[in-house]
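Below, each structure is written out as structure tokens.
The two complexes that follow have subunit A in common; it is paired with subunit B in the first and with subunit C in the second.
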Partner chain A sequence: MTEDPPQTAVKAGPSAPTHRRLSLKRGRAYGWVLGPVLLLAFWSLGASLGWIDSRILPAPWVAVTTGVRLIAEGRLLPNALVSAQRAGTGLCCGILAGLGLALYSGLTRTGGYLIDGLVQIKRSIPIFALMPFFMLWFGIGETMKATVIAVAVFYPVYIHTHNALRSIDLRYVELAETLRLSYAQFLRHIVLPGALPGFLLGLRFAIVGAWLSVIVVEQTNATRGIGYMVNLAINYAQTDVMLVGLVLYAALGVASDCSVRLLQGRLLSWQRTLAG
Partner chain B sequence: MATYFGRLMAVLGGIVVLSAGATESLPLDAPLPDSVPPGTVLRVGSSTDLSLKLAGVADNLPFKLEVANITGGPGTINAFHAKALDIGTSQDIPAINAAWIGIDAKIVAIRLRQNEASTLYRFGIAPKAHIDSLADLRGKRIAYSPGQAQGALVLRTLAKYGIQKGEVDLVELPSTGRAYTDALAANLVDAAPIAGINVKRYEENYGKDGARILQVAGIKDDPSILWVRAETLKDPAKAAAIKAYVRAWARAQYWIDTHRDQWIDAYYVQDQGVSLEDARYILNSQGSADIPLTWNDAIAHEQQTIDFMARETGHKSFDAATLFDRRFETVAGAAYAQTP
Partner chain C sequence: MTQAAVQVLNLVRSYEGKRVLDGLSLDIRPGEFVALLGRSGSGKSTLLRALAGLDHDVTGSGEVHVPEKVSVVFQDSRLLPWKHVLDNVVLGLSAPDPKALGRKALAEVGLTGRETAWPNELSGGEQQRVALARSLVHDPELLLADEPFGALDALTRIRMHDLLRRLCDLHKPAVLLVTHDVDEAIELADRIVILEQGRLLTEKTVPLAKGERTQLRLDLLGHLGIGAEQVAL
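After this line comes the complex of A and B, so read on.
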């Protein structure tokens, strides 16, 4: 699957005096925290020196102290749990639908004709614009909420899986034909590894999408959940609680993204790429 | 194919007949039934059912109460469209606006405030606006929400000070959450009607920068209502249940007025997570309930509002009495007054 591009690249350079690596240096384990840490440092410094108006953005430690208070009052965790349940339900339904339809539409012509066009059309309609209709169709209860989240999850899963399926290199398909693989073997050895990177990428978008839509649906008829908590805080002008909500969303988003990346690392260990 | 089509039509026809015959329709002028058939469910838009519980009326309701956390004009109208709500809670302007956009709905209870000297809304003035009195609004940018009570207040204030609509810049912005205080703080608008805790917080936060609060005198802006789609009222089971709910709601209002400290603690502090100080401020700004026993004054007031809004927004005026279901006229008032 890999050909060793670095060496060819070096040879191509006519007057390269030294052996120059074009691939990235070996990455550090937690290198990605650098950006966030710098931002946090800037925020803390700005807040303590009074550059950042606390009415516009409270100091980072306000999020911590308020968060601790909310946990002690028993507000934070139950709400987070409710939101997590909502996100989880929608995520499961959305992933199943996205994966199923992507396989059908990616692996068969009929499926492609039937589904892909519809998905592309629907993709350009923002979820916010759909909310009133979802209320008409699914009411204002949990069904509506789960559906909205599932729809938000469906698209990235579908699109990336479908894209990966359709871009499987024809040489591998021909190889499978030459080796006279059965259809099941073809799925197992060619389609699955070919589609997996796309699916996992879709999953990363999907998980963040699930959290984002939880915020949206919890604006309507919710009496629990982080979105509800933040909404209340908006109504009662409690900037500190709003900030906790923000931090919590970020933390949940990063945590779920990390878990998918971990999964990616495990499942795609055979890949050798620029990331190293 | 022909037989298949025939069968399909027969089945569809059967469904139409069945669904039409399923519930007998109650005319809107027939006396309200008292008995609520078992299994009746009422979905009420309200931020809480805690007041009903604390007042001790939640357990005796003759129907199943489902509370949907949807209140205020935009949310209620949306939910009415979706037929997702039996009773809506909002101020009076959304009901007028709903009539104009073709939703047939009736007011079944109305709540005024006992202390009417001060309006519910105040004008927040942006830090850099240099507005010292409301007469200075001429030429300024004012946050304006056409279908909400806030919008009506803006128009009435302009009319009161003899300012034409064309002389100001009405910035269309729905008043939800912190939209108005944020717009003020950022000097995106010069003036905006705000209420409740937003008034206090805005003054605290931006007073030192020059922000101020201006009172509007002599404008009645406070009717809040329970309202129901006419279609829901035609269902005898729902109509009877709504009557029972209105009664319970009025008793809960009475309980709140007579147990203010308990209400502040149980609802605002414990349930909603508001500080005691803020909670007191909010409840004070809401005042005690005035639930009238007759609606003549209320209807006259709504007629004025409708005529005024029709003139200002280019809609057709209509008879305010059609907004009210007078079969409910005494239900809330009597329940409020009779509570021991």
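After this line comes the complex of A and C, so read on.
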């Protein structure tokens, strides 16, 4: 519904004073591209004019040329696949654990007493500070790596889902009581759909956490993976390969975030009517 | 004694040491429309919540008898934003063909064609009509309404009064309507009950003649603490 403003309001005369607009103007589609594009232009310009030493930061196109070369040599894709597998395994385990425990502690008093306090205490210990212990317990192989990633994923999923479950509007609970919903119906129609936005928000944080921990665990005794490739490049001062690793992490991170946002759009289409 | 739809006997409800309902008794006949007036804090909502079975963690005594099928309409429409209008209407409805019943109920409130709209896309009045449809689809013997039109604009209110009257004539539930609005009470109810400090202050049958209604309005307003000199006629 677009309404044409009345003619008198268009002219700012003394009879129809228009106040200075304090809110933001309507945004443009793809406006967010501006910052990255400017940075890329500045970087390209600096590299081609020789302001930026290529030993410190190679030109942006080097990422592409080196990337193509690494693919041709068969080094890039296997490593990327291993990293993606690690992230995927950790994500799955972390999401399952986070969701399961959040449901138990969010929906029952006992679960809340048992689990929530523990999680809140453990939350203040940075996951990477626990890594030495994880190495003691799980060795330095894949189990330890998957565990670290899963734990990093667990927290945001648990915390946002638990919070969403506990902050279900009491008015809807009353409604469920007056409609005499069974507990299963109450969960299915009110609690779970109501907590879904919180869970998906947690999932977005979880994906960031997963990639972050992939990078960290791949610095430790990895023989494959993007992190390993970058580590090796650091030893040989191959800044171009380091740059490819960086771009790859960014691409994988953005791609996975986009897929969750797509999922959000699908599952929460009832919210979109408000955002427009 | 005739079979009453609602029987409240000597009901006491306390909240944080304060008596909100203080030995209240009230009967509602089947099909009777009772409006409950009272100032804020007089115990109107507490009574309604007691009848709706929503008073957990409240101490009290007394007897409450309500029919098997009770529906509640709240001040806000309380539609689930993640369910389409029709799914909201049939929520918790166990019947052979719930969707057909839901469509019929939506037709009764004049919302045919909006079955797949999201609640957020409807106006306040339309949302409240969906809430009415949701309560009537259960074919209640008692309809409890807690200021259902309080948040609507004056014109929408008038339309909703007509609609509620028509629907009540059609389905004939006993109705307990909690309201602040004396005119709304006179317009809709067969009988008006005024609550004060958790007790029944007075009750009046609503007459049909216009002149008598004007007098009733003055009386009711007087009971609510508004003198004749403050009332615009």
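Assume the second predicted complex is superposed on the first by the 237 of 276 C-alpha atoms of A that agree within 3 Å, B and C clash if a C-alpha of one lies under 4 Å from a C-alpha of the other, contacts with A are read in each partner's own complex, and residues count from 1 in each chain.
To be clear about the criterion, a contact is a pair of C-beta atoms (placed from the backbone, for glycine too) under 8 Å apart; a residue touches a chain by one contact, two chains touch by 3 or more.
What you are looking at is a predicted structure, and each value in this text was computed from that prediction instead of being measured.
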Open item on the list: Just checking: does A:Y172 make contact with subunit B only, subunit C only, both, or neither of them? Give me first, second, both or neither.
Closed with: second
Please work out whether A:M135 is in contact with subunit B alone, subunit C alone, both, or neither, and reply first, second, both or neither. first
Of the two partner chains, subunit B (first) and subunit C (second), which one does A:I190 touch, if any: first, second, both, or neither?
second
Report task. Report for A:Y236: first if it touches subunit B alone, second if subunit C alone, otherwise both or neither. Result -> first
Given the complex, residues on subunit C that touch subunit A span 52-54, 70-72, 74, 76, 78, 80-83, 91-92, 118, 120-121, 138
So, in the complex, the side of subunit A touching subunit B is made of residues 55, 70, 73, 75, 132, 135-136, 139-140, 220-223, 228, 231-238, 241
In their shared complex, subunit A is touched by residues of subunit B numbered 67-70, 75, 78-79, 81-82, 84-85, 177-178, 181, 185, 197-198, 201-202, 205-206, 272-274, 278, 282
The residues of subunit A that touch subunit C in their complex are 171-172, 174-181, 185, 189-190, 193-194, 196, 268, 270-271, 273-274
